[in-house]
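Notes to accompany the following structure.
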């Protein structure tokens, strides 16, 4: 049984709490949050103690911590937790600064404690099925990958300003997915973007619509499309052309009802909320972490994976700003 | 080259004229119609002569006739045309009277001339593909067949009154399709129906919505659903459950555009007009007739097939009227 | 908070236990089962007491019982539980005997305690959405209803023998769904069936493939298709033709991956297992029961509903056996 | 009635001949081809004269010519035909050389005779429907366009060598489609590509897999994906994200049959051959040309359109070769 301390009781922390409590091999021992009320509420729901982060890290009976705090605290908490001997599952991204993230990697390497980064989409049943089919050679050798990730609606501009920008905040999931599916890192990154959804986003120095193309040493190509607004729902699709066929992972729909009238044939929309879309993925992610932590097997998503995605986000940001292709082969 | 006389220049006659003219192995020589203007118009479009039916039948240079006249003339024209030595393709149904149709069969049998009944749906590419998959054993042995045939809108009540009723006029296509797919005739027929779409249809002694179930000697079951009104278009589907799977033939849509908005995900409707839906089927039907007529091979749909479907329509009408199952095993 | 005793710790009892425990307004207090080991196992998983059924019924602190025992015990337990002042949720069917079920209704009526019958499919999100669209008039007035329910594989013949037959055991869900959607009871029932999937099932006096047609006083028609075997998965679909359109509820698929190769375009199969298919339905069903029990509102599915479905199953069985239509209008 | 001379009797010339002959307002008078046998064969099929190109151009009774010869002759024939007073429909591309195409535009401008370039995809019913929906504001304002064009199999390397390269030969259709849908020209073009399908194509200096991103002055973005090989068929899709929704044009499938077995749910593949896919588009294209030529209305696709697409192909080629974004705003 893995005894777990949860750092952060916000929206995503609450999702993790359900999975920690619902998993037969883990138990939620304590929670901390800078907002006392949030921690109290979560603690009451799950019957766990409310403590300070320091207390949790110092408690030798706690085996693992899940870091679901604000991004700027991730690196520091990863370092502190591994130093305290905990296994760590940390929400993405590792940090908004690639330098800082690399320093975190160096600092934790010596601890020997396993760190997993929460790229939940790797655990989405459909995406995992697609990857399995690819790995099994069902469409031959991969040639051209397309990732579509559209959010239903943009976040407040106040969030945009501290987010690190679309490439680090939103597209980082797609960079990791590309790495996950292609099994290699790209050699060039080209980004274009605009703030066509909301000029305020542009005024804040960010984009809300972007396309990144990446080339690989062996000739493969990947394209990522992001938009902060798809009014019909959370649009999350993968398409991979291989030498012997095409694999697609399509959207999950709200229900299976189809209505045919003089106005056309109407199906349900994609699920609107990312938590609804990825709820099974979060549960599977936690299951994978627990197994690795208890059984001593390698973490399925490493700190290095987090840094790789961050490096690509940084390259994309640079490419967008300069208008030039960025060589990421080194 | 098959020299063809066309009897009937109405809507369906015009469809056939296009196919006769467009087929590399047939040529349209002459057309007749009780409405002189219709014949003249068709003749002008296709550059063929306008003659009387008698003239056409008496012309020894004409090899075949296509009968696209009103239903009450079908049997007589089949008899006259075969007696005159023509190969015949006659629109369904053979006759509204089963007795009369059987007499027609007797009369033509002695002529030795081939007669094909125009059950066009057998030649629909998707339905033919479904039958091929079934015959190839792709879903094992057939167990349960469902046919859905909904017209977009009911015909005028004046038409209903002379149509012979829904079972003979509309469902006869489905009876033939059942025979085509099951490769056997049923042993019992049960029909229910109502005039829920238009009470005027009920007042005229007919139904506009009906379900027929049929059982087969070996335990197979077939269900046919008909409605005179599906406002979203011409709804023509087949579903066959076999011991190793399910085959479905779905509707043809007007186009492939999909629109996703806050209102849902909207696809195109099924094609609305039966000629649009079955245009490729009519062309393939004619091709099959020409091949059989020129090459001396058996007609792919026989007068016996027309009579079998008619007998089932008669049984269904009887079942509906009496509320009893009708034994058609004899 | 609703304090609940669970009677029956088998497969379906375990599903209910998860929902009872997971619902914020209910708590699982005790479980009983004729197989002590089953009760112990469930009790350990959920941290609840293992008691005798008698104990549970006699405990005044328990507000409600969920009856998930074998069918032959349902009526008796409903009577005993209501007499003991409990709110009751009982798995379908009420009884295999219509007489016995009616007696149960009489016996419980005097208790004034609410009884809900577990027709879980009413709570399936897609089916509920379809019903809502119908009720909202989105396709006008209902005219023709089709229900398709195919199990992935037949149960053992030993089960068939005590099941009450396909109409009572399997199609009863569809009878209830027809009542739920049509908002009225039919006036005639016609059934055909065969044992084409497995002759052993026929030898046991039952069918494995069946079609029932039902007519309504206002001219509406319903068709139910059942098969004990659809090798591709649990096939559960609804199709309703209305005066202004068609509503369909399609199958839930295992995932959203589509693979296009030279062999065709392959999508995922329907979910295979009924618990996977209907898991959200069971949770919503329990939620509805808890609300009604705690808030004192009417049960969303009543004992009368259970009896109505049973009466239709009995009529279908009779129709199949006699070959005649059965009048159920009285 | 438009009297038409057809220049070129190859594969695409034969398609046009069928449409010229089948259109009620045009008649095929004469055909020419450098291969006498091809011209003779086409002439025999359609009952038209076989002449030299010079003869056709000099015949004042001929109103229009359709140029379906090899690409290197297009510009010269457009010039000669307009000088001879003919209306012209010329297959794409205008020329492989942008300079030469511009000279052709200058030369023909003085003739005052209308020239249409055969970008057939504009006339595809689904693509035209998508454009109509966009123009009608059904998804608000366009933001992000994605075009997917995959051929089923690469052409011979001998063809590749004289084709002008993927961007001019294949992607030119997509450049025109982008112009057609976006209603504006891009300001930057970025191209990546590789010869991952066939290294021989790379050895010939071309690519077989490519992605182009284009930005527009108002912030819109377009992405084009091309591959010379999609083994499952001719993959031709459009996807356009707007401020109020998403429009997609999906593939046409070979038929509507769906097969569900233990192996999955299998649908038909996209049509494999481009002529099958775009047959209705070619007919509609011809209809549009005839209308414009006879009625004196502007050509729906102009020589300027042909040059615009060619300029984008040239920019993409340059971007691919240099690795740099190309400014096409001037």
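Descriptive notes on the structure:
First chain written, first letter: the chains are A, B, C and D, and each begins at residue 1.
By our rule, a contact is a pair of C-beta atoms (placed from the backbone, for glycine too) under 8 Å apart; a residue touches a chain by one contact, two chains touch by 3 or more.
In this text, all values refer to a predicted model and were calculated from it rather than measured experimentally.
More inter-chain C-beta contacts link the pair B-C than the other of B-C and A-C.
Using the average of C-alpha coordinates as each chain's centre, D ends up farthest from chain C. Rounded to a whole number, the gap between the C-alpha centres of chain C and chain D is 57 angstrom. Taking the mean of the C-alpha atoms as each chain's centre, chain A and chain C sit 40 Å apart.
Of all residues in chain C, those touching 2 or more other chains are 230-232, 244-246, 259-262, 268, listed in ascending order.
Taken chain by chain, the contacts link every pair, so each chain touches all the others.
Put simply, chain C touches chain A in their complex at residues 125-126, 129-130, 133, 138-139, 244-252, 255-262, 268.
Chain D contributes residues 230-233, 253, 259-270 to its touches with chain C in the complex. Those residues of chain D that touch chain A in the shared complex are 143-144, 146, 150, 188, 190, 192-197, 209-211, 213, 215, 218-221, 223, 225, 227, 229-232, 235, 241, 243-246, 323-325.
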